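Two complexes are shown next, each including chain A; its partner changes from chain B in the first to chain C in the second.
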Partner chain A sequence: MIPGAPPAPGGSAGGWRGRGETALLYLLSIGVTLLISGGLVTITGNSWTQVMGALLNGAFLAPGRWGNTLVIAAPMLLVALGMVIGVKSGIFNIGQEGQLLMGAMAMAYVGTKLAGPGPLLLVGGLILGTLTGGLFAALAAVMRFRRGVPEVISTLLLVFIAFQINGFAITTDWFLRDLDPNRPSRAVTSAQLPAEAHLPVVTLFGNEFHIGLIFALAAAAAVAFLLTRTSTGFKLRLLGSSPNVAQNVGVAVARWGSAALFASGALAGFAGAVMLAGGASSSRLTSGFASNFGWQGLLVALLAQSRPLMCIPMAIVFAGLRTGSGFLAATGVDRKIVDVIQALLVLALLIPPAVQFIRDRRKAAAVAATGAPAEQGAG
Partner chain B sequence: MLDVLAALADIFSSPTMYGSAVRLGGFLAFAALGELVAEKAGTINISVEGSLLAGAFGGAVAYHLAGSTWVGLAVGAATGVLIALIQANMSHRLTADQFVVGLTANVLILGLAGYLDAIIDPIAKRASVIEIPLLSDIPLFGPALFGQTWPTYLLYPLFPITWWLLYRTRWGLEVRSVGENPQASDVSGIDVNKRRRQAVCYGGVLAGLGGAFLVLGQVGSFDTGAVGGRGFIAIAAVYFGGWTLRGTLLGALLFGLADAFRLAVPVLGYQLNAQLLAALPYVLTIAVMYFITKPFRQPAALAHPFIRGLR
Partner chain C sequence: MTKRFGKVVACDEVDFTLRRGEIHGVLGENGAGKSTLMRVIFGLTLPDKGVMKLDGRSVRTLDPLEAGRRGIGMVHQHYSLVDNLTVWENAALGEQGRIDPAATKQRIREISEKYGLEVDPDAWVRDLPAGIRQRVEIIKCLRREPRIIILDEPTSVLTPAESEQLFDVLAEGVKSEQWAVALVSHKLDEILRAADRITVMRHGRVVERYLTVQADAPSLARAMVGRPVALRAVTAGLDAAASGAPVGKAAPTGSGEDEGAGFERAPPVLRIEGAAVKAGDGSVLLDGLSLEVRAGEIVGMVGVEGNGQTPLADVMSSMLELDEGRVEVAGRAVTTGAAGAMARAGAAVIPADRHRSGCVLGLTVAENLMLSLLDRMHNRGLLRRDAIRRNALDLVEEYGILTPGPDTPLGNLSGGNQQRVVLARALSADPKVMVAHQPTRGLDVGAIEYVGDRLRRAADDGLGVLLISSDLGEIFALADRIAVIYQGRIVGGMPRSELDMERLGLLMGGAGAAEEAA
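Now for the complex of A and B:
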């Protein structure tokens, strides 16, 4: 199509006008998000520009901060990738918060209770953490494919059970509780992961981040490859887009659906293990260890509209909001405003594709009603 | 073993246990009743958790400002609908995925309530207890059912009202039909997505009321962790009940009883692992969903969006 030419009658959604309108809708959505959150801050008697400045400083500009942001982004990206695999396969696993905690618990057990050389403990912990997260999610798969219990609800309920398992682990002497009488705080936690079992740290331009980030980026590439370039990925996507067709062409729905659930839980478990080995909460398992990483990773995937590579920038944005919120105390604004901004952003960005979809449907209906005007126009 | 049985007998014969079971189960029943209507129309409304929290917060703030429990309950219901309106319009007007919308709405209200709670810090108070004469004299169950704070009694008429709406009005028939076969409903002239939006909003009213009841009729103060996933248990109660009104009520009471058991054990002086007790309602919910749910009974179009011309 020649740029500047009038759009063909009944032109496709990819036409210049359609594309411009979509871009405008996205800008509008982001604008509305900023307007609402800005309004909220202003109504409660604070300065929005100060908040924005603090967020930017805390996330990227102040010395050493973007390294912190990347450290936060790595587990979020891993969780988001798990969500992407699930969504693409028609599985809505939203229990990552719990699966992540289970993974961290396995890492803590291997790192603090077993003896062996540090690197071996690290690798063993990461693997066991991945498996634990996956198996915890697989419970929901059993419920879904044996008894038809929707995974949306079972995975959510399992989160609350994971919290209690974690609470049990760190308060029980033979399990993970730190028995060292010289421990720094009186809070009940697990023992600290030995320094040899930590993830190696990269220093770049005065910013430090651990190699969990590299794992996460590699995982993003791997998931993108898996979903678009392999027959496994094709089966999974078929399962997600048209389960009946998948069944009829011989894709074992229960097997591949369970595999997708396992994989999404495994990535969350891996994220938890990476967090612990990367020094989150001083490499000690605490009662609030998961601290919304699971939920935020979920939102990252939704924001990226389930495109694996899009998850990378979105994870960095969300991680930036999170590290930036550490600088909010000076402005007197509660850091929970960041949760509001994140959720609003996701809600607002759901609107443009939905509007686009409805417009395409209307167009298709009009074409069907008037007898294919698109071909007349093209001729 | 005998000790355990004796302890259980002691716990299950204490009137305080049934009192708190009705309070906790009543809270779930508010949400579960609304959720039942939403699911009958074909939506698994996971934002019921958000509606509960919004209702709790709205109720607390309104009580703080107006000093009236009635105003608190009304505003709680209104804030519950606000969340339901987001859910309804995004998923049944714009056809965004209902789970994505519900989940995000939950995160939004959690953040919003937390942010505003730190600023407003609403002070609420528990409503007064009204004992219904005669009925509250029935042993064991009398005080539990008829010796509660007065907002509890709002729940009782909601059962016949919901039953009447669902099974005795044209609206209810249409709601049930869009949940079973949206295509056929559409052809017969029913606005499918409108009915679904209305059903979700009905759920929002009840959940908002339930949230306000939690603050003003039960706890007496607001905390962002007050709901803590019990909205999802309310959804499970609907599954437990096989999408019937009776069963849903039974499910809510059962899960309320589990919750009450958790609270009664330490109060009556028995020792049991704290985490095991805290996990009990969730474990029970999962076990019940696994063993008792009859998926073939669910509305045929449950969780399927309706877009004309697409199956």
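Now for the complex of A and C:
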């Protein structure tokens, strides 16, 4: 199923009965996933309760851990929101991993190469990171609307170009490479972002998280508002539903499609800048800095079925799996098992909407077959 | 036979008899249960109750393959062809075992010749216009030498000439090979023209049975709709087809000449000069088309489908940019191909395929109804939800759109009501000129009547209308003037008061193809 596939006609999820059924489906498929995962853990010779406990402790229960999880969730949420804007506009930007990296690079450049007061560097870096991510995605828009190159392919391939640019940047003396002879590690990285240019940190119940989280939550609300309440959002949704009608009523496909792609990339770029300024990999740009945040953000949007507010809980679940797996190492279980559990969980969360989709289609087909007015001419 | 879908009773104790050597017309509005009945016979739908006897023996067709083995063939309402295969490959679909291309092609040629269904077996289906695709469907069906042939709304995309040809093929087969044919339609004239026996269905029940010789259009229409209907669109076409002579007297409003004189003085609201455009593959879509529509006038554009009607509508929808020529709306030149330019200048379009460019099934009724009023429906970028809702409620009432509410997804509405939404949205922006391309295709009698009335009324209020239709009856009933399009240009025309069927036929067929057309 494609994220944001138009809600099947009939909207049979409505009503309490429908909602109850959906909830039950989710519970059921998650339950089955837990059973299978338990089986896998047991087969590999480990204790299921121990693994589960480690995951939960690492993600939420141990002191200070949920703050950690939220810090991880913030950039994933931002990436997912960018995906949502794209999908709603009929644009499939799947290159967030690269756009995020470009945003982080811009932040690193501003923070480590330019002089100025810390807060100014921070704000400047965040803005430049956002723009860089957006412009990097806009390259795909140029290819799409000038030459007809599908953006699914171009955004994906641009990820690898971003990796190369990043590699060049952190190994090149005049660019981002850390030239300090006393640097802590021998790995090639950028210099560390000065402490004054870090995002302010909030402490709540012994948990610390930076205000990037607040930005991300605000962005989720803003995207939801944009899509449902504003004429801009309506035009984007119109573009996503019917480019022909959009063109007819004055929503130029190339202009608005490019705007959607830019916005999508900008959110990923912002996510990258937030990560660096929020202390990810010790606020140094490394070769593996993006570390799958871009890809996982896509999964978040997919599982949230392109609903901006639903992205919030989904991002927290994925962030929890990440932070939880950190604790797993202590139990002696291979961390790869977490990847398997995560994949199973993705499948589990995809099943209920898929079932719903198939059911609605059957229903629509049955109605269409009667020739009853409800669906005449829709086929 | 009875069939229910949930709470909906599609067929309620329907009795239906098909005799050898006879064309049996099944008439009814959309949703009357005609298609369900046919699907049951063909084994696509299983009935809840009832028996089917074939040659006196009780049978139960469980699936189309079995139906095929028993000699039942079906031509579907919506094409079941694969675009990316050639004609012969499509015909071979469903074959078992090895496929012999040469033999298949040979067989197609034989059928083509025998029934006059000309088609190239090696052509790609995606390149074929609607009329030819229908031929392929029929050949596909005939190839299996069925004894019982079911045609579900076969003519909804055919030109009158193509329909005539189809009926000739059927009549021939019925006579020489004793076919039993079930012809489903909601068009009165063609049922009267083609069928020997007529069954009228309404709301899942058989309401009347006739021998065609005893039936007439008004009584059929009454039986079908359950109330008297104004039949001008339907009967005008019928008269024209029957007499083949000038039908000025069949026109409803009589005063054609006076109005004609009035239009001469009215300002042109649409002027197209030398419009030319080529497709990406170099084929010519429009070839120097020039046309003028004046305020208050309905210009009927006739022509065989695929002669430039769709590109013309696309140009007027800002979806296609001209290579040459210019378009003026309300006296001002409009840039072609620029998003929304035509709509801003005052041109509205009802496209032939409303799902492609007329409305958006995934958006709600209210959102669809505001599409042409986007600029008025926001306040500094914030959608004015009250105004949108009020606009929707007003239009729903004014145009009699049947919907559970303004926030229902458009896809949940019936085809006729979707078309009303398209019409309402097109007229809501107070356009100067309206291009209506097949505005009644696929609609039932009541909806056709409504759309026709609405266009006439809008024209009386000063709207210039370009009515593009392959339904000549509709053109004769509504148009003040007729223009003929052939291979991307206007090749001639006439006021309706001087209608000359023979000349029209010659023009539509192109000068060279005159004899074939006749």
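Operating definition for what follows: the second predicted complex is superposed on the first by the 346 of 379 C-alpha atoms of A that agree within 3 Å, B and C clash if a C-alpha of one lies under 4 Å from a C-alpha of the other, contacts with A are read in each partner's own complex, and residues count from 1 in each chain.
Quick note on the criterion: a residue touches a chain if its C-beta (ideal position, glycine included) is under 8 Å from a C-beta of that chain, and two chains touch if they have at least 3 such contacts.
As the structure is a prediction and not an experimental result, all values here were calculated from the model.
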So in the superposed three-chain picture, is A:G148 touching just chain B, just chain C, both, or none of them (first/second/both/neither)?
first
Contacts for A:G250 in the overlay, against chain B (first) and chain C (second): which applies, first, second, both or neither?
second
Tell me the contact category for A:L347 with respect to chain B and chain C: first, second, both or neither.
first
Between chain B (first) and chain C (second), which, if any, makes contact with A:D339: first, second, both or neither?
first
Would you check which partner chain A:T230 touches, where first means chain B only, second means chain C only, and both and neither mean what they say?
second
Of the two partner chains, chain B (first) and chain C (second), which one does A:I165 touch, if any: first, second, both, or neither?
first
Just checking: does A:G38 make contact with chain B only, chain C only, both, or neither of them? Give me first, second, both or neither.
neither
Within their complex, state which residues of chain A touch chain C.
6-7, 9-11, 229-232, 234-235, 237-238, 241-242, 244-253, 255, 366-367, 369-379
Chain C - residues contacting chain A, complex:
3, 5-6, 8, 10, 30-36, 39, 44-45, 78, 317-319, 338-344, 349, 356-363, 367, 371-372, 374, 377-378, 381-383, 385, 402, 409, 411-412, 414-418, 442
What part of chain B is in contact with chain A in the complex they form?
44, 46, 86, 90, 94-96, 99-101, 103-105, 107-108, 110-112, 114-116, 118-119, 228-229, 232-233, 235-236, 239, 273-276, 278-279, 282-283, 285-286, 289-291, 293, 295, 303, 307-310
Across the complex, what residues on chain A touch chain B?
40, 44, 92, 94, 143, 146-150, 152-154, 156-161, 164-165, 167-168, 171, 295, 298-299, 302, 334, 336-340, 342-344, 346-347, 350-351, 354-355, 357-358, 361, 364-365
